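Below is the structure I would like to discuss, written out as structure tokens.
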Amino acid sequence: MFLSLLLALPPITALVCRLLYRKRRAMEAVNVLGALTTVALALGVATDIARHGSHEFAGGVFYVDALSAVMLAVIAIVGGTAALVSISYIQHDLDERLIPDGRRGVGWYYLGLHIFLWTMLVTVCLNNLGLLWVGIEATTLASALLVGFYRTKAALEAAWKYIILCTVGITIALFGVLLTYYASLQAAGTGAASLNWTALSHGAKGLDPTMMRLAFVFVLVGFGTKAGFAPLHTWLADAHSQAPSPISAMLSAVLLPCALYGILRFHAITLAATGTTFSSNLLLAFGVFSVVLAVPFIVVQRDLKRLLAYSSVEHIGLMAVAFGIGGPLGIYAGILHLVNHAVTKALLFFAAGEIGQRFGTRRISAIRGVIQASPLVGWLLLLGVLAITGSPPTGIFISEFTIAGAGLAGDRVQVAAGVTIVLLLGVVFAGMLFHALRLVYGAPERKAERGALAGERKISDLAWIAPLVPLLLVLVLFGIIVPAPISRLFEAVATTLSPVTLNALR
Amino acid sequence: MDAILLVVQVPLILLFAPLLQGLIKTAKARWQNRRGPGVLQPYRDILKWLGRESVVSEQASWVFRWAPAIYTAAILFAALLVPTVARRSPAPGIADAIVFVALFALARFWLALAGLDTGSNFGGMGSSREVAFAALVEPALLLILFAVALPVGSTSLSALVGHGWPNASDVCALGAFLIVAIAETGRIPIDNPDTHLEVTMIHEGMLLEYSGRPLGVLHWATQVKQLALLSLIAALFLPWGMAPGGSANPGQLLVGLLAWGGKVVILGLLLATIETGYAKLRIFRVPDLLGLASVLGLLAVVARFVVVH
Amino acid sequence: MNDLDPPAWIVLAPVALYALVPGLSLLLSRRISRVAQFLPSLVLMLGAGAGVLVALLELLGTGSTAFTGWAVTPQLDLSLRLDPLAAFFLLVISVPAAAAACYGIGYLNASHGTSQPAPRAAADALLGAFLASMTLVVLADSVIGFLIAWELMSLVSFFLVVGDGRRAEARRSGYVYVVMTHIGTGFLLLAFLILARHSGSFDFSAFRATAGSIPAWEQWVILLLALLGFGAKMGLIPLHVWLPRAHPAAPSHISALMSGVMVKIAVYGLIRICWEFTPRPPLWWGVLLVGLGLTSAVLGILYALMERDLKRVLAYSTVEHLGIITVGLGVAALASNRGHATVAALALLATLVHLLNHSVFKGLLFLGAGAVQTGAGTRDLERLGGLIRRMPWTTGSFLIGSMAIAALPPLNGFVGEWLIFQSLLSLGTTVGTPMLAVVVALAAGGLALTAALSLACFVRAFGVGFLAQPRSEATHNAHEVGYSMRAGMALLAAVALALGLFPLAVLRLLQPVTLALVGTTVRPSFGGGAVLDAAQRDGSYAPLLVVIGLAAIGVIPWLAARILNGRGHERVVPTWVCGGLLEPRMQYSATAFAQPIRLIFRQLIRPHRSVAIERPVSTLLVPVVHFEEGVHPIYERYLYQRAVTVITSVSHRIRILQSGSIRAYLAYIFVTLLIILVITR
Amino acid sequence: MLSLEHAGMVIDVVALGLLGLGLAGVLVKQIPVAIGFLALQGLLLSFAAGSAASFEMDWRTWAAFVVTLGVKVIAIPGLLWFILNRVAIQHEMETVVGLKLAFPIAIGLVLLAYWISDPFAASTLSSAHGFDAPNALPAALALLFLGLFTMATRKKALTQVIGLVTMENGIYLAALAVTRGLPSAVEFGIAMDVLTGAALMALVAHEINQLFSTINTDRLRTLRG
């Protein structure tokens, strides 16, 4: 059984890395090995689920279905890539004396990275929604130290806000979990009551609607804070911009979706319990508002990584809209968008990190001529920005198209939402591209940039881009065709999450 | 039948055009209490020019040398399309009213290029003004033809020949056409055919570099253009006495011929009168007058609808 | 399907060949060799040839060829379909494409030099991608396919405009362009999705099936959205601001394709939506189109007259001609609204013929401008002149292009305008209401005005640019361009001439198109090579006979002269300039040439001028005069810049929310929670 | 050996007591006092846990009782106290909202809590699955609000931790009263998380103090926009 191995491996990798921090080569080797094995195992689990469908595990503690499979695959791939990219990234910072207590710090870094990865992997496999809550809180704790990794003033500030805000959110969510449990108590009685998804999703119809409404509100606000819905997203830009770039990639690409994952589980139950569009419309509202609020921050942004962070707010909003619209088409679009965004945003953060290191700054106004400094990085950034803003032939275009399509096929609220996001996406495109063009074109001026031109990097561009190739492939592939097995997996997600399958296109 | 008309109309127009010019000049002279050079003077001028050698600028390219030929060809062909004696265009099915306008444009295009070709700034000025004013004349002319074409629903010149008394729309159109005629023949108050004063001249500016045989031909062609326009006015608005289309009856044809000559001469005298009656407009007041022509053309079209429906 | 219809495999041949080129040229990008210079262009020409063949087969045959591609997602099918309309636009793409590809061989050598192969390889690759994407747009038979190809087309052209990104102006142009077209795509997306909402599928076939069932007001929304989306690409005023920036910035053979072809792809989309997906267009739609078209036509050509940069002149004249085409569409829409199918057919016929013609002569002119830049090193009319001696081939083809675009017989430009006038007339005669009367009259007058102005514009462009003396040193040493570039221009010049002399060929090809769109068609009679109008009322134009007639009659006066007094003599002397020597500075400049028109139409185009005179100490010296004249960028200033400032200022205000104070953030969470709780209670 | 009713009554009283403490907490000016209040809350909670345990009489509720006592009365207040002494700051804690305004708002929040939980107070709160403590759910909600309110209005990092723990106390109360505790695995998970969370915050607060030589969160405002 892959799953047990998958869930056991990362902590081991983490500890071994920490122990071997004096022997750099060995540590990196372990890191690479662990990362690749994790990816392989996760993909194994995913294919297993795609083939044989969902199943419980370890006496019902773990339960993996299509949704878990998709999440596992994405988390593992992004995390694994981040682990590979980290090698050159961290080495550079080590040479630059940016890492507190040097080599030991590096050891801590790899420990943190793999633990962080592990908490997310576990979270999406848990059956019990209470434990799911525990898992999500654990992801916060695991990543908090990584956010503050550089222990600069800014980093600590970001870390502090991250912990406080997310913990507050999580605490609010706990109240929701509690109410859910109470609802199941009422429905099933003291003996049979449980927080297990397997139980709740079947008995959802019997749960007290009013109670579930209240519960969902708390869960949505709570996990929503973690997922980065506006106006609860305030920690997001700080954390993303201060964390080491590989970590930023993981935060944006998979941590936010993990929180969304939690919301989705409760959403499905609430949907079934209330039988109304109550929870859907709440999701829709948060989604649209997130996109709306992200736009101004994208348009007048000064910091490259913050730019990407706000784009994450926008995209998590889009996912919320998709799941809020619901129906086979909407959910399909949402899950597809989740995957596409993860892949694309990870690439962008890797590129941003490389640029930040080469130019010694993240200020957009201070960076010019990336393409001259390093064609590969520059083109990756430019094409990445074009991709994230929904240009074909990339997956984002397909998923955004499908979201809008699902929206305009729906009722008034959904049509309004669809139209709004389509119009806003135009503005986002203008903003993102404006910054991207200023970054990649032109000629580097400052000394640091000339240094960058001289190519003092220890690692060649090709070696740098190598680990990113799989992500690039997925990005383009999903823009041209979503392979049948994967597509079936997404459809399975749709059936998991929407108890009532209504035809999206009337 | 068309063939005969064709064969007749070419020499007819070519030979009659200078005479008309002579008549107009004499009339002007009389209005100004001068004796004038006599009605045959244009013939003498043209013959003289045809004999002279032509002096060509060293700047001039083949455009300059070919322009007169193309200008003349376009004008003559346009003149050929106009129903004169009979209610039928001598070249039916080949070209219609729109082509008639386009042929004038073709002529203008080449003459304007010729004006620029020698690098002399008078030529440039001439072509610049020519094309600018043409931009106002052409819409007017087209609107007029449109107004006339609407009831018959065809742009064939044969079909456009008027029937009976002109109605409101025709009156507007006629007024517009008179202005257009004045502009196209380069007469006061828009242009002055007899001046070589650089601040005022338009048409003459483009011809300034020509001499000898090309100049003669150009003048000849210009006179033909004048005749063609007047004949078109006659055919569209004063269709009396014209022989029925395709009739071979000598009597009818003779009547038609005389009627045509008479009408054209009268129109020419009208032009002469207007020319003496008015002072030349300041060059940038001209657009107002031409704009008036366009407005009249517009009115003609609208009036046509009011009349028809 | 009859035997003439193209077999499946050949329909895909053009796309396949185009798509081959990017890979190919990137493969060759490292090598400096003749192969690397010729092979990609040859493949492209092959593709263009295939395109022409396919189009002809389809247009001569009946029915249509459809392919089901794969499904991107279960709901989104990529399917292609070749019907007469698509085939015609395939023709519109392929003809200039062939010329541009051939031209590119020499042009890229001249602009990049043969020494560094990388940039030229990139240019070839992008050209291939550009052609492939345009072809796919017209072949696409589903929303997703259409939009993917559409966006690719825009992106590729964006990169072609930006080039290597070293020129800030090019970057800015590219940015404005791609943003406007992307936002336009957003509107298109909405239009298509409303259609999908009703048909329950994202396939065009479904749209056709349910075309009738859409409620009127939703049809209106669809039409308006489509107009916004496609109008931005067509460069209709006031959505045109990107066009005169972007088209000149690209390499000239790309400019030729952007201005000659890409904008037409938008027309294609408009026709599809207007006549296939939303039948029975409302009356206001036709009026709106005519109005927009006239505005764009008149203002476009006026702006063209004010420009000094040859390529900007051409770009603005593209705005003009898209305006004319829009007028044609409007007339067709009015006719179909009034239920006069034949008139609608005639109008569509006219529009499409003009569209094809424009793609040919505008392509030709842009190639010519590129040749001028290559040969004389500048595009500034005030620095050109005298090229007729130095670049005879370029001059010749540019002259043909100028005559065509000035709508002079016997070239192809005139045919289209003639047909549009005919359709206007038939509209006037058949559907006469006072309101339409005004519309028709205005349209006729406006088109006449446009034609006359464009004559002025191209007398200026050609006369100042190519005739008389060179106005700068560079131009003085200008040289003719290479064979491949000449061949490219010659091809288009020949096509322009052929289409002018034998318009019936095109009309014949267009029969199935109008048949498919409005159910009927106008059968041109072949009697005497005449083109008869809809009602067969003998208003006709026979280009070939006109040419013969011109030749026959033109010689008469000269014969007369010959007979009267023998062969004439000619003496060559310097031009008389009141006793001085002729200097280039004396020549009439482009600005001076446009002066009367600038004055006459000042209300429309709001020109500005600034004259600063420095009086020297001695009165004997001539004072130095600084003279600067131009046109106010009305739309940029009052429309777009205002929008941008609003957006950014609002953004700055909203930015305050992220104040950095954690307590504020906690308050956000708290308030949000309370609000939702209160709402849900 | 408490009966269900008595246990319920005890818990109800505890709930009211916690409510009172929460309200009083708004008025507190001194950090040490606030920490003391927090310990007091923990004590009350462990009373409730104890009464619940003495009704249920099984090992896991007793364990819960012990854990509560350990974590909420000793561990967290101790930790905070430790930080407080490590970090030499004046023990005055600045607020943004003056007490005159803060107290009415707090009252309003309490009322809001009652209003929101009203639908469940009468109808659904039966002793079938929980204890009969009508004030428990509103009090829990109120504590949640008050904690959040404290966090939003107090400037010191420590006071924010205090607010956070207050919120969690509320939830703990609710869990205890309404559902007789969550499934044990979940409860222990939560406890672990809370503990590590608190430790982590303490750590970061410590670091911040080292770097900024203050834990006034208003100084943490470099990241904007």
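Going by the order they are written in, the chains are A, B, C and D; count residues from 1 in each one.
As a convention for this text, a contact is a pair of C-beta atoms (placed from the backbone, for glycine too) under 8 Å apart; a residue touches a chain by one contact, two chains touch by 3 or more.
What you see is a predicted model, and the numbers here were worked out from it, not measured in a lab.
Colleague: Of the chains shown, whose Cα mean is nearest the mean of all protein Cα atoms?
Modeller: Central chain is C.
Colleague: Cα centroid separation between chain A and chain D, in whole Å?
Modeller: Once rounded, the distance between the two centres reads 31 Å.
Colleague: How many angstrom lie between the centres of chain B and chain C, each centre taken as the mean Cα position?
Modeller: Their C-alpha centroids are separated by 35 Å.
Colleague: Using mean CA coordinates as chain centres, what's the chain A-chain C distance in Å?
Modeller: That pair's centroid distance is 44 Å.
Colleague: Indicate the whole-number Å distance between the mean C-alpha point of chain A and the mean C-alpha point of chain B.
Modeller: Computed from C-alpha means, the inter-chain centre distance equals 79 Å.
Colleague: Indicate the residues of chain A shared as contacts by at least two other chains.
Modeller: Correct list: 160-161, 164, 168, 172, 214, 237, 297, 300.
Colleague: Quick one: which residues in chain D touch 2 or more of the other chains?
Modeller: 116, 119, 148, 151, 160, 217, 220, 222-223, 225, in rising order.
Colleague: On chain B, where are the residues touching two or more other chains?
Modeller: none
Colleague: What are all the chain pairs that meet the touch criterion?
Modeller: So, checking each combination of chains, I get A-C, A-D, B-C, C-D as the touching pairs.
Colleague: Flag every residue of chain C that touches chain D in the complex, lowest number first.
Modeller: It comes out as residues 655, 658-663, 666-667, 669-670, 673-674, 677-678, 681.
Colleague: Across the complex, what residues on chain C touch chain A?
Modeller: 70-76, 144, 147-148, 151-152, 155, 162, 165-166, 168, 171, 174-175, 178-179, 182-183, 186, 189-190, 193-194, 196-197, 200-202, 647-648, 650-652, 654-655, 657-658, 662, 664-666, 668-669, 672-673, 676-677, 680
Colleague: Please name which positions on chain A make contact with chain D in the complex.
Modeller: 128, 130-131, 133-134, 137-138, 141, 144-145, 148, 151, 153-154, 156-161, 163-164, 167-168, 171-172, 174-175, 177-178, 181-182, 185-186, 189-190, 193-195, 208, 210-211, 214, 237-238, 241-242, 297, 300-303, 306
Colleague: In the complex, go through chain D and note every residue touching chain A.
Modeller: Result: residues 116, 119-120, 124, 128-130, 140-141, 144, 148, 151, 157, 160, 164, 167-168, 170-171, 174-175, 178-179, 182-183, 185-186, 189-190, 192-193, 196-197, 200-201, 204-205, 207-208, 211-212, 217, 220, 222-223, 225 of chain D touch chain A.
Colleague: Touching chain C in the complex: which residues of chain D?
Modeller: Of all residues in chain D, those touching chain C are 96, 112, 115-116, 119, 145, 148-149, 151-155, 160, 217-218, 220-225.
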